[in-house]
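Below: the structure, in C-alpha cells.
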Amino acid sequence: MLLEMDRVSVRAGEKILVSDLSMTLDRGERVGLIGESGSGKSLTALAATGLLPSGLTASGSVLLGGQQVVGVPDQVLDRVRGTGAAIVFQEPLSALDPLMTVGMQIAEPLARRARRNGAPITGTRLKEAVLELIDDVALPDERRIARAYPHELSGGQRQRVAIAMALACEPDLLIADEPTTALDVTTQAEILILIDRLVQERQMALLFISHDLPVVANTVERVMVLRLGEAVETGTVSEVFNRPQHDYTKSLVAAAKRFDAAMEGRT
Amino acid sequence: MSLVRIDRVSFGYAGGRPVLEDVSLEIGPGDTVGLVGESGSGKTTLLRLLLGLARPDRGKIFFDGTPLDPGNRSFMRDFRRKAQIVFQDPYSSLDPRQNVSAIIAEPLRSLRIAGDHAGMISDALEAVGLDPNVAGRYPHQFSGGQRQRIAIARAIVAGPKLLLADEAVSALDLTTRVRIVDLMSKLSRNMSLLFVSHDIGVVAALCRSIVILESGRVVEAGDTAAVLADPQHPYTQRLLGSVPRLVFEEH
Amino acid sequence: MTITQVGSPSRGRRHSVALRAGALLVGMHVFVGLLTLVWLPYDPNAFTGGRLEGASLQHMVGTDRLGRDLFTQLMIGSRIALQVGTGAVAVGAFIGVTLGILAAFASKWLDDALAATLDILIAFPTLLIAMLVVAASDQASLWSAILALGIALSAIVARLTRILAKRVLVMDYITAARTSGSSWPKIVFIHVLPNIWPTLSVNFALQFGLAVIAEASLSYLGLGAPPPNASWGRILQEAQGTVYTAPLGAIAPGIALVSLAIGVNLLADGLRERVDDRLGDR
C-alpha cells in the first residue's frame, strides 16, 4: 500500500476539522475526494503528507510508503528519502517564487530527481528537459514561458507550471488539489489525459481533489464524499454518481445536473 | 447609453507579441456578460485594461461615456467607487496579515464610504455564505473556496456599478457556486457584471450575453442561449464539445 | 520517502531552545546595561586597587594597568554595546528600509542602478565603510560611531527590503488595494511593511550582532567612543600590552562580546522559526 490513512482526525484546538477518516491507495489507483467548500478536502491532503500548518494537529495513523507520518517531526520525514509523494496545491501562486523565472523553478525538482535516479542532468540537457515538461502540460510557446516570471503568466498557465513542477519529481503518489480550476475545458482535457497517461505508464497513484463532479467522474475510479470533515459516502464512481445514497451526495449530483441542463439551453 | 464601451482595443505586454487585438465590447447597465476563452487568451488582461491598470496600445475604453484615463484623478476617484474586481487567485488576493474584517473594510475606508462599516461587512459576509463571526480570523484559516468568497465580499461591499469577476467561482463547489451565482444575479439588478469563466455551464446559467475570446480576438458574441444553441465559429464548437458531462456510461 | 510540496513551504515546529537561550544571554546584558545607569560597584575611573590585580573577592575580574576595576568597565561596556547596536540598527533600518522601498517602486533602470550600487557597497566590509564615515566626521564620539555603523548597515537592509517588497508588490492584494482607491503610501504602510516586517526584524537582530562586533573593532582601532567611555573594544586594546601578565583583562571583554553576539544570533534564529511558523505560512 502506498498510502494508508486510518481514522485520521485534524483539529484546530478544540474544533474538529476532519474526523475519523480512513482510506487506502495503491499503485496505479485513482481516488477522488469531493465535497463542498470547507469540507476538509485540502486538510486531508495535508494530513496525508504531514504538511499541516502549525496550529493544526493530526491524530490517527497515516502510513505513506510504509513511513508513519502522524506525530513525526518534519526533520525525520525529510531525512527518510526514497520515492515520494508530490502535491499540487490549490493555490498555484503560492508554489512559485515571484522573483525566479519559471524555467529555473521547474529545473530544480527535475535536476534533483535526475540526481536521485543516478543520472544527473545539467546545462543544455536540463534546459531541454524543462522545455519538454512545459510542453507536456499543454503550455504554448515554451521558450517564452520558461523565461517568464510567475506574474507574467495567466492564471491557468501558472497552474500548469505548478503541475509541471510536481510531475518533475516523478512521484509515486500524486496529490492534486483542484489542479484544473483555472483551466478552460480544452486545456483541462489535455492535462487530464496527461495525468491519466502517467498513472498508467508509471503506475502512479492519484489522489484527486475537485469540486467538479464531471471532471472527477472522468478521472478517477473511486470517490469519497466529504461533508463537514466526515466521509459520508465512498464507492466507485458509477455507484456514487448514479445511485447516490446520502442526501448530501444527492444534492451535489443534482446541482451538477442543473449546470449541465443550463448548457443544453433548458434553464 | 452603455456603462462600459471597449472600442477596438489592442494591447501587448512590453516586449511581447500582442495579447489583445481589436477587441470591442459593450456592457449596458444591469447587463450580465460572460467572457469565455482558453487559458492565456487574454481575459485577465482585458480586465486589467478595463480597470485602468494598464493602457491599451490602440483603441479606447469608455466608462459612463467618459474615456478611461488613469491620469485623470477626479475621474478615477469616481471610477474606483463604481468598479470592483474579484481576482482569479484567491490566495494572493488577500493580504495574509490582515484579518477578514480589515480586508473587506479596505474599499469602504479608502473610498471614504460613510455608514456602519461593521454592519456592511457582516452583511457582505452573510451574502457570500460565510458566518459573520469569522471577521476576526486571518486568510490562512480558510479553505480555498472560503477565501474566494471573502474576495467576493470585498468586491461587493461598496455597492459597485460594475463588477468584474475573474474566475470568481472556479474554486467553489457546485452548491456554493449556485449560491454565489444566485447572489450575483440578484445584485445584477442594479449592477453590471462582466463574468470571466472557463465554465460555460455557469456562464449559461448566469449571463444574458456571451463573448468568446480566442488568442486575443473576439470570435463570437451575442445572446448566450443563441450562441450555445447554434455556435458559428469552429473554436466555439470545439469549446462546447469538450465540456465534461456528468452523463456517462457505466464501465 | 520524499514529500515534495509544490505550494507550501515546510513548517518546522521545534521548541525554540534557541529563542530562550538567546533571550537569556541578551536579557543578561540588557539588565547589566540598565543597572549601570543607577548602580556601579566602583567608580569606573577611580584607582581602586593595585595595578593588574588578578580576580579576587573585591575585583571579580581584577583591575587594569591603572588599577581601575575591570568588572565595572565591562558593565559599562554592555551598556555602550547595546546603545551602539540599537542606535546603529535604528539608523540602518530607517535609511535602508526607505531606500529599499523606493527601489522596489522605482522604474526598471533606476531600480537596476540602485541594486547594482547596493551590491557594490555590500561587497565592502561593514567595518571599512564605518571607518571611512568616522574618518569623515571631525571627531570620534559615540554618536559618530552609531551613525557610521548605521550607514554601513543600511546597504544590507536596503537590498533585503527591496527584494521582500518586490515579492509583495506582485501580489493581487496590492492590485486590489489600488482598485479600491488606496494611495501608494497607504499601500506601503498597510500592506507592504506589515508583510515584510517579520523577515526584516530577524535581519535586524543579526545586524545588531554585526554592529556590536564592528563597534568593538572601531574602538579597538581608536575610532569608537573616546575615553572615558569604556567600550569592550577599548578595554581589549588597553589590555593588549599586558596580555601575558594579566590575561584576564583581554579574555573578559572577549567573553562579554562573544556572549552578546551569540545571544543576538540565537535570538534571531529563534525569531526566524517563529516567523516561519506563524500564519501556517501559506
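For this structure, a couple of remarks:
Every chain is named by a letter (A, B and C) in the order it is written, and numbering of its residues begins at 1.
Convention: a contact is a pair of C-beta atoms (placed from the backbone, for glycine too) under 8 Å apart; a residue touches a chain by one contact, two chains touch by 3 or more.
Quick caveat: nothing in here was measured; it's all calculated off a predicted structure.
Contacts between chains leave no pair untouched here, as each chain touches all the others. Comparing the chain pairs A-B and A-C, the larger number of C-beta pairs in contact belongs to A-B. Taking each chain's centre as the mean of its C-alpha atoms, the one that lies farthest from the centre of chain C is B. Taking the mean of each chain's C-alpha atoms, the chain closest to the overall C-alpha centroid is A. Between chain B and chain C, the centres computed from C-alpha atoms are 48 Å apart.
With centres set at the average Cα position, the gap from chain A to chain B is 26 Å.
Averaging Cα coordinates per chain places chain A and chain C 44 Å apart.
Across the assembly, chain B contributes residues 88-89, 91-92, 140-141 that each touch 2 or more other chains. Taken residue by residue, chain A touches two or more other chains at 53, 90-92, 94, whereas all remaining positions touch fewer. In chain C, the residues that reach two or more other chains under the touch definition are 279-282.
Per the touch definition, chain C reaches chain B in the complex via residues 171-173, 175-182, 186, 190-191, 194-195, 279-282.
Contact residues on chain A toward chain C in their complex (touch as defined above): 46, 49-51, 53-56, 64-67, 73-75, 77-78, 80-92, 94-95, 98-99, 109, 149-151, 162, 165-166, 169, 171, 177.
For chain A in complex with chain B, the touching residues are 12, 34-39, 41-43, 53, 90-94, 140, 144, 152-158, 160, 178, 181-189, 211-215, 217-218, 238, 241-242, 251-253, 255-260, 262-263, 265, 267. Residue ranges of chain B in contact with chain A, taken from their complex: 13, 16, 36-40, 43-45, 88-92, 140-146, 149, 166-167, 170-178, 198-202, 204-205, 225, 228-229, 238-240, 242-248, 250-251. Interface residues of chain C, counted against chain A in their complex, comprise 1-8, 10-14, 163, 166-167, 170, 277-282.
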